[in-house]
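You will see two complexes here that share chain A, one where it goes with chain B and one where it goes with chain C.
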Partner chain A sequence: MDAMVDILPLRAALVGNPNCGKTALFNQLTGSRQKVANYAGVTVERKEGRLTTPGGRPVRLLDLPGAYSLTATSPDEAVTRDVCAGRYRGEAAPELLICVLSATNLRLHLRFALEVRQLGRPMVVVLNMVDAARQQGMVIDVPRLQQELGVPVVTAVAIRRNGATDLLDLLDHPPLTGPAPLEGNEDVHVTVRRLLADCVSRPSAASEAFEDRLDRWVLSPVWGLVILFALMFVMFQAVFSWAQPLMDAIDGGVSAFGEMVRHILPDGVLQSLIVDGVIAGAGTVVVFLPQILILFLWILVLEESGYLPRAAFLLDRIMAAAGLSGRSFIPLLSSFACAVPGIMATRTIQNPRDRLITILLAPLMTCSARLPVYTLLIAAFVPDRTVGGIFNLHGLVLFTLYMAAILSALAVAWVLKRGGKTAEHPLLLELPAYRLPNLRDLGLGLWQRAVIFLSRVGTIIVTLSVLLWALSSFPAPPAGATGPAIDYSLAGRIGHWMLPLFAPIGFNWQICVALIPGLAAREVAVSALATVYAVGGTETDAAAQLTPLLSAQWSLATALSLLAWYVFAPQCFSTLAVIRRETGGWKMVTITATYLFGLAYAASFVTWRLALAFGGGPS
Partner chain B sequence: MIEVLIVSVLVVACGFYWLGRLAPSVTRRMWRGTGHVLEAVRAPAPMRQAVAGRANAAPGGGCGGCKGCDKGSGGCH
Partner chain C sequence: MRLNELSPGSEAIIDHIEDRESGDPVAVRLRELGFVPGEPVTIIAQGPFGADPLAVKIGFTRFALRRAEASRIVLRTAA
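Right, the complex of A and B next:
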C-alpha cells in the first residue's frame, strides 16, 4: 500500500495573491512556458503541469489564479476558492497547498497565507522574490516565520534557474497533515502586524526613495499622461522605422523564392497554385513578422517593467468618465496583442455588467492581426516622409488608427453605460515593484510570438490561400470569353454578387472576396488580396508588388474606407468563439457581431463619402 | 495529369483542414468511417492507429478549435 502511495503523483496546488510569482514558479518547476508578467491578473484559469522531485516523487502541480482572499469576488478568484476547498467540479482537493508569498509585499500576502492556513490542509509557504527583498534591504527571519506559522517555509527566486531547489527538496517529504489552529482568537491584521514585527526587519526609507521618486512622475496626472502618450507614440514610430530593413530583406527573400519556383516548375496548374496561391498569399503576410515582433517587444518590456498597472491607475479617471472601471484596463490592454486572452482576462472584473461591457469593447482594441492590413494600406497610400524633421508619417498614421480605436471604445462604453446604472467599484490596484526586464524572458516571449505567427501563416493562411486560389481559378472561362479569367471563377462571381452591398462604402469586388477568408483572421485579407490579384493579373511577383499594385488600382478613398472597416469589423472567428465560451451563449456573440459590423459599415461609409468630398476619389 | 492530381489532393486536404476547424464533429465521424474501412481491408496497424487517434481526438480546450492553451507553450492560438 505504501508503495502505491509513493507511485501515485502528489496533487499540489500553487496559491497566493496576484503577482506573487506563482506562474513563474510553475514554469520553473514543470518546465512550462505559461505567460508571466509583472502585474496582477495574468492567470485566470487553472493550469496543470507535472514534475518529478529530486527523490523521484511524481507531482501533479496546479497553478491557480491569484486571489486576495478565499471569499471570492470575481470568477477567477472563485476557481481558486473552489479548488482549495475541494469543490471544483472534476477536481479532487489538493493534497498539498503551496502558498506563494512575495517577500517584498508580506504585509498583504501574509494575510492570505493565514486565511489558507485556516483551511487546515497540509501546506507549505514559499517566500518568493527573496532577492528583490534583499535588494530593498529587508531581512526575513525564515526559521522564526516557520515557527510562528507552524508550517514549513522555504525561499525561492522563481525567475532564476535552480531558484526553487529548496521547494523541490521539500516536495520529496511534504507535510502529510494540516497545521494546528493558531492559538487565541487574534484578528488576522493584528497577527500579520505581529509576524512582521517579529520576523522582518524593515528597509530604510532611503532605499525606497528611487521608486517613489519615479512614481511621482509616472503617476502624475499631467506628466504621467505625457509619458504614457510619448511611450505609445515612440512605439508606433519604432514599429515602422526599426522593422523596415528586416521587412525589405524578407520581402526580397520571398520574391527570389517565388522566382526560383517559377523557373523550376513548368507552366501549368501546379506552378500557378504554388506561386500565385501559396507564395503570393503566405509571402505577403510573412513580411510583417518584424513589425509584429517589435510591437510585442514593447508590450513585453512594459509588462515586465511594472509600468502597465501604473498606466491603468493613470487612465482610471478617463475610463471612469466613459463609465468603465480601471479593472477593465488590463483586459483591454491585453486585447492589443489579441482579443482572445483579453476577453478571458475580464474574469478579474467583479461586476458582471462591467465585465460584459469590457467583453463587448475588447474586439475594438487594435490586435496585432490588424497590423499587416494597416501597414499594407499605409505603405501604399501614405507618402513615406518625415513630419517636423523627426516623425515618420507612416508611424503617425498608425498611431492615429490606434487612437481612433481607443476613442471609439470609450465612446461605445459611454453609450452602453447610459443604458443602466451599476454599482460603483472603485479601482483597487496593487502596484508592483519596478523591475528591469529579464533578457531571457524577453527573448522567450518574442520567440513564442514568432512561432505563433509563423504557425498561423503555415496553417490558416497557407490553407486559405490554396482554397482561394482554387476558387479564383475555377471554373475556367468559357471558350471565346473576352474578360479576365478570374471574372468567370467562383471567387469572381461571389465578389461581384457581394458588390452591391459594399459598393456604397467604396469597396471593389476584390476586397469583397478578401473579406470572406478574412473572417477567419484579419491578416488573411492581405494574403487573399495578393492571391486574387496574382491569379487575376499578369504580374509575375504579386507578393512583392501588392503595395504598388494597390496604390495604382485603388483610390485613396477606397483605402481609407477599408482602414475604417478594419478599425471596427469583428473579422475573427476565435474572438467570437471565446465570447460564446465566456458568456455561455450565442446572445452576446450576436450582439457583438451585429454592433461591430454595423459600426464598421457606418464608419466606412462616412470615411468614403468624406474622402470623395475632399477629392480622394478615383481619378 | 500528375499536376492536376497533386493540385486536387492539396486543395482537398486544405478543404478538409478547414472542415476540421469549423465542424470537428463531422471530421471525427469521417475519420471513424475511414477507420472502419481500414479495419475491413486489414490495413497496416500504424495506419489504423493513426486514424483511430484522429477519430477519438478530444476537442481543443481553447477557443475556435485552437489548441494553443492546451500546450505547455501557453500561446494563445
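Right, the complex of A and C next:
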C-alpha cells in the first residue's frame, strides 16, 4: 500500500473565488515547479505544479481559474465547473478539491465553498489570509467551522514563507470520500449567514477605515482620474528611461561577444552566418528585454495590488461610450505588453460581443514588441532634450504614439458599436481589497513572461534572422560587381518588387525587406534592418551602428511614416494565430488583418504627405 | 427605492432582486455575488463620468455596478 502511495501522485485542484489568494497559495506550494499550458480545446490557461508533502507523497496540483459560481458565465468558469465535476474531456477528475477562501471575505467565499461541497467530492477548505482577518479583529472558530462544514478546514497565509504547512500536513492524509449532503433544504445564503453567526465574531466597522479612506481618493471622480493618468504617464516614462542603462549594458555585451566570435572563426560564410545572422539577430532583440520586463512589472503590480479593477471602474463610462465595459480595460491594458496575453485575457469578458470587439481592438494597443522599432526610430530622428524642465522629448514622442493608438482604438470601437445591436453588457466587477504585491508572485510572473519572450527570441526570431541573412547574402554578387552586395541578393529583389506598393508612403526598399520577417514578430524588423544594413554597407558592428546609419540614410518623413505604420500594421503572426484560436475561425483573423492593414497604409500615407509638406522630406 | 437611487454614503437593506426577464443572468449573478434579501449595502463612490458606475459595499466586499444593474436591486423602505 505504501509503495502505491510512493508511485502515484495525488491529483489535487485548487478552486476558489477570484481574489482569494489562490495563485499566491499555488506559488507558495509549488514554487518554480510549474507548467503553464492551455486546456485542450480552449484557450483558458492551465497551470499545473508539483510538490511533495512532508510525508514524501508527491502531489500534482492544478490551479483552476477563479470562479464566483459553478453556474458558469465565462469560459474560465466553465472550465472550473467541468474540471471540478470531473466532466472535462482529456482532464482526469481531481482526487481532491482544495477550496480556497479568503478569511477576510467569508460571506462571499463560503457560498462558493458550499456550492463546491454539493458536488460530493473529497475536499478540504483552506482559510487563506487569516493574518489579514486577524488584523481586522476577526476571530474565526476553525474547529466549529470544520464541524459544521463536515470537511477538513485549515488556515494559511499564502504570502508568508511556510504559510501553508497545515495544508501540506493535511495532504499527507487527504480525505478519500466526499462530504455527505447537508441536512435540510436550506437556502445557501441562509447557511452562509448561520455559519458566519456561529463561527465568526466580527469586528466593529472601524477596522475597515484604511480601505475606505484609500478608496475615497482612488475612486474619487477628480483625484481618481488624476491618480490614474499620473500612474499611466509615469509608467511610460519609466519604461523608456529606467531600462536604458540595462539595455546599454546588454548591447555592449552582445557586440563584444560578436567581435570575439568573429576573431575566433575563420573568415567566410560560417563566420558571417554566426556573427551577422545569429548573434546580431538575437542580440538586437534581447536588448529590449529590460523594457518589456519593466512594463510587465508595472502591469503585474497594478494587478496584484488590486488597483486594476478600480481603474476599470473609473474608465467604465468611457469604455461604455465605445460600446465596451470596464472589463475590457484589463485585456486592453495587458495588450500594451503584448496582444497575445491581452487577447487571452478577454476570456474574463462574459458578453461574447464585447469580447469580439476587445479582441479586434487589442492589436491596436501599442504592444512592447513595437517598442524596439519606436525606440530605434525615436533615438535616430528625435533630438534628445528636455522639454518644460522635466520631460524628456523622447518620452513625449513615445507618449504621443501611445495616445494615437488609444484614440484610434476608441474611434474604431465607436464605428463597430454603430453596427452592433444594443444588448445589455453587465459590469459586475469585484473591487478586491488592496494588498502589497508579493515579491515571489511578482518574480514568478516576470520569470514566466521572460521565458515566453526569450523563447520567442530563441525560436522564431533567430530562425527568421538567419533566413533573412541567407536571403540577403545569396546569391552573391557577380565578380567585378560594384555597389552593395545585398542589391544582388534575393532580399534585395523582393524589396524592390514591394517598392511600388510602399513607395507612395515613403518607404525605401530596405524597409520593405525588413517588413517581411517583421510579420512574424514586430521586433524582428529591427534586427532585419540591422542585417540589411550590416550586409549592405561596410559597417560590421550592426546593432550599435544602426542608429546613426538610419539618421544618415532616411529622411524624417520616412521615419515618421514608418512610425505611423507601426501604430496600426497587423505585423504579428502570433497575434493573428491567437485570434484564430480564441474565435475558432479565420473570419475574425481576416477582418482584423484587413482593417489594420488599411488603417496602417492610410495613416502612413497621410503622415508621409504631411511631413513632406512641412519640409521633412529627403534633403 | 432601488439601489441606483440611494444617495452615496447612506446604508440600506436589500429587499429583493428583480428579474428583468425569466432567468435574467444579471439578476442570477447578483444573487451569487451576495446581493440577497436582508443584506446591508452602501454606495461608496460614483464613477467620474455621469456618476456611473457605482461602487457598492456589501459586507466586506466591494463591487462596481452600472446603474442599470443596480436598478434591479430593490431596497427596503425605512419603516
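In the analysis below, the second predicted complex is superposed on the first by the 521 of 619 C-alpha atoms of A that agree within 3 Å, B and C clash if a C-alpha of one lies under 4 Å from a C-alpha of the other, contacts with A are read in each partner's own complex, and residues count from 1 in each chain.
The rule is simple: contacts are C-beta pairs under 8 Å (C-beta built on N, C-alpha and C of every residue); 3 or more make two chains touch, one makes a residue touch a chain.
Keep in mind that this is a model prediction, so the values were computed, not measured.
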- Message: Tell me the contact category for A:32 with respect to chain B and chain C: first, second, both or neither.
- Response: first
- Query: After lining up the shared chain so the two structures overlap, which partner does A:470 touch, if you call chain B first and chain C second: first, second, both or neither?
  - Reply: first
- Query: So, A:581: does it touch chain B (first), chain C (second), both, or neither?
  - Reply: first
- Task: For A:312, decide between first (touching chain B), second (touching chain C), both and neither.
- Result: second
- Note on the structure: So, in the complex, the side of chain C touching chain A is made of residues 25-26, 28-34, 36, 38, 44-50, 52-53, 55, 59-66, 68-69
- Message: So in the complex, the part of chain A that touches chain C is made up of which residues?
- Response: 68-69, 71, 73, 104-108, 111, 189, 193, 208, 212, 215-216, 219-222, 224-225, 309, 312-314, 316-318, 320, 326, 424, 426-433
- Considering the complex alone, what residue numbers of chain B touch chain A? 3-4, 6-7, 10-11, 14-15, 17-18, 63-66, 68-69, 72-77
- Task: Would you pull the chain A residues touching chain B in the complex into a rising list?
- Result: 30-35, 45, 47, 49, 268-270, 273, 338, 340-341, 448, 451-452, 456, 459, 462-464, 466-467, 470, 573-574, 576-578, 581
